[in-house]
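Below, subunit A partners subunit B and then partners subunit C, in two separate complexes.
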Partner chain A sequence: MKTATTSKKTRSRRSLSKTDRFTLSAFVGIPTLLQILLLWVPAVVTIVLSFTYWNGIRLTDIRWAGIQNYKTIFLNEPLFYEALKNNGVWLAFFVLVATPLGILLAYQVDRGIKGHAFYESIFYLPVVLSLAVIGIIWNFMLQPGGFVQGLMGLDIGNAISIWGNPDINTWVILGVASWRHIGYIMLLYLSGLKSVDPALKEAAAIDGATEWQIFRKIILPTMKPVNIIIVVITLIESLRAFDLVYIIYGSPTIFPLLNLLVFQNFAGQGLSMKGAAYAVILLVLCIVPIITYLRIVFKEDLK
Partner chain B sequence: MATNKRYRDKQKRKDAFISIFIGFFAFIWIFPILWTVWTSLRPYNEIISYGIFSRPRSLNFDNYVNAVKEMQIAGYLLNSAIVTIPSVILTLFFGSLIAFVVTRYKFKFNLTILLLFTAGNMLPIVLTYIPVFWMFIWVGELFGNRNMFYNNYAGLILVHVAFQVGFAAFVLSSYMKTIPKEISESATIDGANVFRHYWNVILPLLRPALAALSVLMTTWIYNEFFWALVLMSDDSKRPITSALRRLQGQYVTDFNLLAAGAIIAALPTVILFFVLRKQFIAGLTLGSTKG
Partner chain C sequence: MSENTNAVSRRSLLKGAAVGGLGLVAGSTIATSSADAATRLKGSTVRWTTRGGGATGDKIAKAVNDAFAKKTGAKVVAQQVNSDDFQNNFAQIMQGSPDDAFGWMAGYRSNHFGEMGLLADLTREIYRLKGTLPTSAIKGATSPVSKKPYILPTTYYPWALHYRKSMVKEIGMNPEKIDTWDDFIKLMTLTQKKGLVGYSLGAKGGWEAMGTFDILNARINGYKYHIDLLNGRAKWTDAKTKETFKYFAQLIPFMNENVLDISWDGMRDLLLQKKTGAMMMGSWFANDFKAKSQADYDDLWVVPFPEINPKWGIDSIDAPLDGISVAANGKNVAGGKALAQFWASPEGITEAIKAGDTNIYVSKSFDTSSYDSFNKQKLAVLGSAKNIMFFLDRDARGDFAGPVVGPAIQSFIKKPSDINKILESVQAQWDALPKN
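Our next item is the complex of A and B:
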């Protein structure tokens, strides 16, 4: 068996003409070059830059900073800890509330109730909207004179600032973010559920299993790969959260998130490379979920 | 089979109960969108004088007409098309090339390449921002045109392709693994060179996956606004998603007009979703649940 594949391999190798080898190199080379130049080189450069002072204009102006940028962030940057907290709350909320809700929704829609395709579309609609549009839609709902405040009986004169109120804005932002996330999770889970044999569920139910038992003992174990992927996607999405809050506030002072701090320090304070250091911190936090994901999807190839 | 029937009856009752629950939930879900559409059909003055919950005295598309005129929406939509269409085509083309080589030829670097591409797609995008920004400016100055990549559609397209090609390569290569190898072998025996093997044999077979991915990619790239914000300094060159942010600030008082603008901006992806719903869902699940 082994010799057979080796000989086949050498045969196919040898049968490649000069033109073919050239074509293959171009096929792999051009996309890889683009990927390396615009993604991997910049990523490495950012990591290096995070240990420097630089205003970004002339290369000769780069000064070595050691770990000073990180020190500043860890010791003198209260916004950093607030951002960590907000990203943490975001993550916890997504993992404990939004993602399970998406799964529950998928499980219920999968029963084949009347009009399930219609419902699926509705739940999925927010996912195809851009966050810029989502920001505008929810601003309408929540702004002074908007629907929600009108419902609460607050006219423009007595209106409150929902986005500016630190007691409630976290939950409102998480709610809006979930509006999009839940549909996404539902769809991913739904496609997995379609592969579970309905006879299994039926048999268990006839034997007297409750809905919860069926879900825990039959659905969850069969869906294991999908479960892990959904958790990983949730983790990465929570860490990368940016667009929505940026659209609503434009700056990280009211609701700081790691990604917003990167953005602000790139655009604003040129002299240190604090922005780069923030980006590296974000990368470090993302690395475990990324590696977990790669290990799952390349399980067979890595063997 | 009495238990079976009892089970089915019980399920039916449960289904009816759950339908009500799901229907209620779905209404809440879609309500903000419906409300925005409703608002966009009403004149601003009417809401100011009678309140937001007032009975409509006139419903028309005036806000849409004005939005198109005042906000230069057509120009921004055109920018979106100029950026999105080439980005999607290049992403799918490059992705299919990588998928073709790593699944049809046994090179040692295959897995490394595929890992490089897939991992690249998951990096936090801000990690690359500073170097890409300066690289674009420097390369432009080297060729005597500062705006060769920076503040130019070309730069934005390249960045989108570099980021999305990883996902396309990954999805297409897992799809290619389901296409029997014999097809390739017979093509090689028939004397097809590598290019013909790719173009005439593999590409037609990839069509369903390419269709699914193109819908998904169009939505993602059309909706993306971070890069357009930082790489396009001229507002008039920005795609609609990025431009909306500025318009939001400018038209903050006339929210009926803004609502109309937002609905127009959302239309392309919403229409795409409803027309090609199957492809859309297939694209998403192809990539993320292939174990």
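Our next item is the complex of A and C:
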């Protein structure tokens, strides 16, 4: 078996013409080169810098810090743990509420319930807006002196504290983020559902399967490639959250997120390599679950 | 164009060598160089960045830059940038291809980048302006570390207690006499009794409330302790610092409920809409009162924050000093320096004020008799203090003020009873900063 595939490979490699080989190496080589140059080099530099003290200005000022930046973050920064909590809640909310809701909506729309075109466009609408724009819109609505507060008859002096109230702001922010995320997931899932052969569903229905059974046993497995994308997107969207909150607050301290802390410690006056350490922590948090998940999925495939 | 620039840099290099060799024959060298500068500048391009300010900012910049161009024959290309973006990306912009000159801030923000070699040394320009600048302004513009100025001081404004005269009258107090801590408390109490906010504060960005902390600390523990604290020579866990927060906590019951939801513009609106008794703020917002109506502007008043500890009286004030800096990596450093000097000179100031600038200038040679009563009062407030502070985020290092003190004050407002824990954390974070 093994030898057979090997010989097959060598044969096919030999059969490539000169032009083919050139085209192939260009197609593989150029993106790889760009990837290395624009992604891997900065990533490695960031990792190295996270072990130094440096204000980013003169190369001669770089000093070795060992693990001091990390020690400071883990031992002395209350914002780090708040950010970790916020990112964690964000992730949990997306995984347990927003993403399932998006899938449910996609399923309902695909089933062709009454007025599905209407729902589809309603839920899809926020997706065309960037999170930054969404931040501007909702900030305008909910801030003191904003539209909603005005409707409630509250002027700026007695406006309810929403963005600044730790009991409420998490849920409002997650609601706003989900407003877009649900539509996004719905769209992705819908495109997958369209490609599921309706004959499969019909056959199952004739065999007496319930709606839930059809969804679980037929749709979900056939949708595997889309499922992978959705899991990865949900993970990444929750961990890299930045723009929405940055637009609303303008600073990372009331509702800290890991990405905001990366930015705060890199930008302008606060420039320090603690920002690099935060970036590395975020990278690890993003990469580890994704790699683990993908490995499990692909291992199942190999079986 | 490029030949021209080369010629300039070669000549200034030669001149630098000559000065170094001869020692400083200051008077004559400077006289020739400024005459020489005019001929060198002719036909060269100088780039200027206006930091925010909208249409008024552009108008003022155009007036001053045009006058400079007319005088020297240089061409000035100006652009306006978003102030926050410029500030946040300052180090990157200065290392790229920055404009030659721009409005900037004195204190840590110019000293630090000057010492890093990103801002040009303006010793000669300060020397030329010496007759027009008060010593305090020169001292404020000079780095205590390198002893060099990296900014030419132009304007400043007080962070002080603002209120509306009509509202104070309405509660039966004399708006001209809010002098003592008791007056201040009475003002807040009576305003609050009317269902309004006694003392308005914003802390959404973290920096707005630093003004209140600065003045309380300076009033209670004195200027020296405050500056020592911000530079690590005193401890945040010290009983003296805790005392400051005790007074801060006394103000919280008078505050609006949404401190963490509003920023300086929210505070401004509270006062503009007659919803608040008093607030600590930088006087720059008065421009917006004027834009609303002359009546609102005439109603606005500013006084020094009242005395708390008689030992210090009202001897300190936050008065951030602004000015013009020159990028060390600009394409035309000599031109940038000349333009900066023009902006800070009586000639440039006159142009700026003619174009609608309502700032207070530090220049001695400017006639203040034309100031309106609010500006005169601002001067009086500034004059009442012996010690000038620049505001917490300019008096302390950048990786401490914004990332550590800002969130600490926010946490304190959220839960004042946690103050001991918060201050321990602030001290621990200071101790963990890399020290040179």
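Everything that follows uses one rule, which is that the second predicted complex is superposed on the first by the 220 of 303 C-alpha atoms of A that agree within 3 Å, B and C clash if a C-alpha of one lies under 4 Å from a C-alpha of the other, contacts with A are read in each partner's own complex, and residues count from 1 in each chain.
Following the convention adopted for this analysis, a residue touches a chain if its C-beta (ideal position, glycine included) is under 8 Å from a C-beta of that chain, and two chains touch if they have at least 3 such contacts.
Treat the numbers as computed from the prediction; the structure is a model and nothing was measured.
Of the two partner chains placed by the overlay, only subunit B lies in contact with A:Leu188; subunit C stays clear of it. Contacts of A:Gly175 after superposition on the shared chain: neither subunit B nor subunit C is touched.
Contacts of A:Pro126 after superposition on the shared chain: subunit B is touched, whereas subunit C is not. The partner that reaches more residues of subunit A, of the two candidates subunit B and subunit C, is B. Residue contacts after overlaying the shared chain place A:Gly145 against subunit B and subunit C alike. By the touch criterion defined above, A:Ile160 reaches subunit C but does not reach subunit B. In the overlay built on the shared chain, the residue A:Leu39 is in contact with subunit B alone; subunit C does not reach it.
When the two complexes are superposed on chain A, the residues of subunit A that touch both subunit B and subunit C are 56, 143, 145, 155, 267. Against subunit B, the residues of subunit A that register as touching in their complex are 9, 12, 15-17, 19-20, 23-24, 27-28, 30-32, 34-43, 45-46, 49, 56, 105, 108-109, 111-115, 118-119, 121-126, 128-133, 135-141, 143, 145-147, 150, 155, 179, 183, 187-188, 191-192, 202, 205-206, 225-226, 229, 233, 236, 239-240, 242-243, 247, 259, 262-263, 266-267, 273, 275-276, 278-280, 282-283, 286, 290, 293-294, 296-299, 301-302.
The part of subunit B that touches subunit A in the complex is made up of residues 3-4, 7, 11, 14-15, 18-19, 21-23, 25-26, 29-30, 32-33, 35-36, 39, 51-53, 94-95, 97-98, 100-101, 105-106, 111, 113-120, 122-132, 134-135, 158-159, 161-163, 165-166, 169-170, 188, 193-195, 198, 219, 222-226, 230, 241-242, 244-245, 248, 255, 258-259, 262, 265-266, 269-270, 272-274, 277, 280-281, 284-285, 288-291. The touching residues of subunit C, counted against subunit A in their complex, run 84, 87-92, 95, 108-109, 112-113, 116-118, 196-197, 200, 203-206, 256-263, 266, 269-270, 273, 275-276, 393, 398-399, 401-403, 406-407, 410-411, 414, 425, 428-429, 431-432, 434. Per the touch definition, subunit A reaches subunit C in the complex via residues 53, 55-58, 61, 63, 65, 68, 71-72, 75-79, 143-145, 155-166, 249-251, 253-254, 256, 264-265, 267-272, 274.
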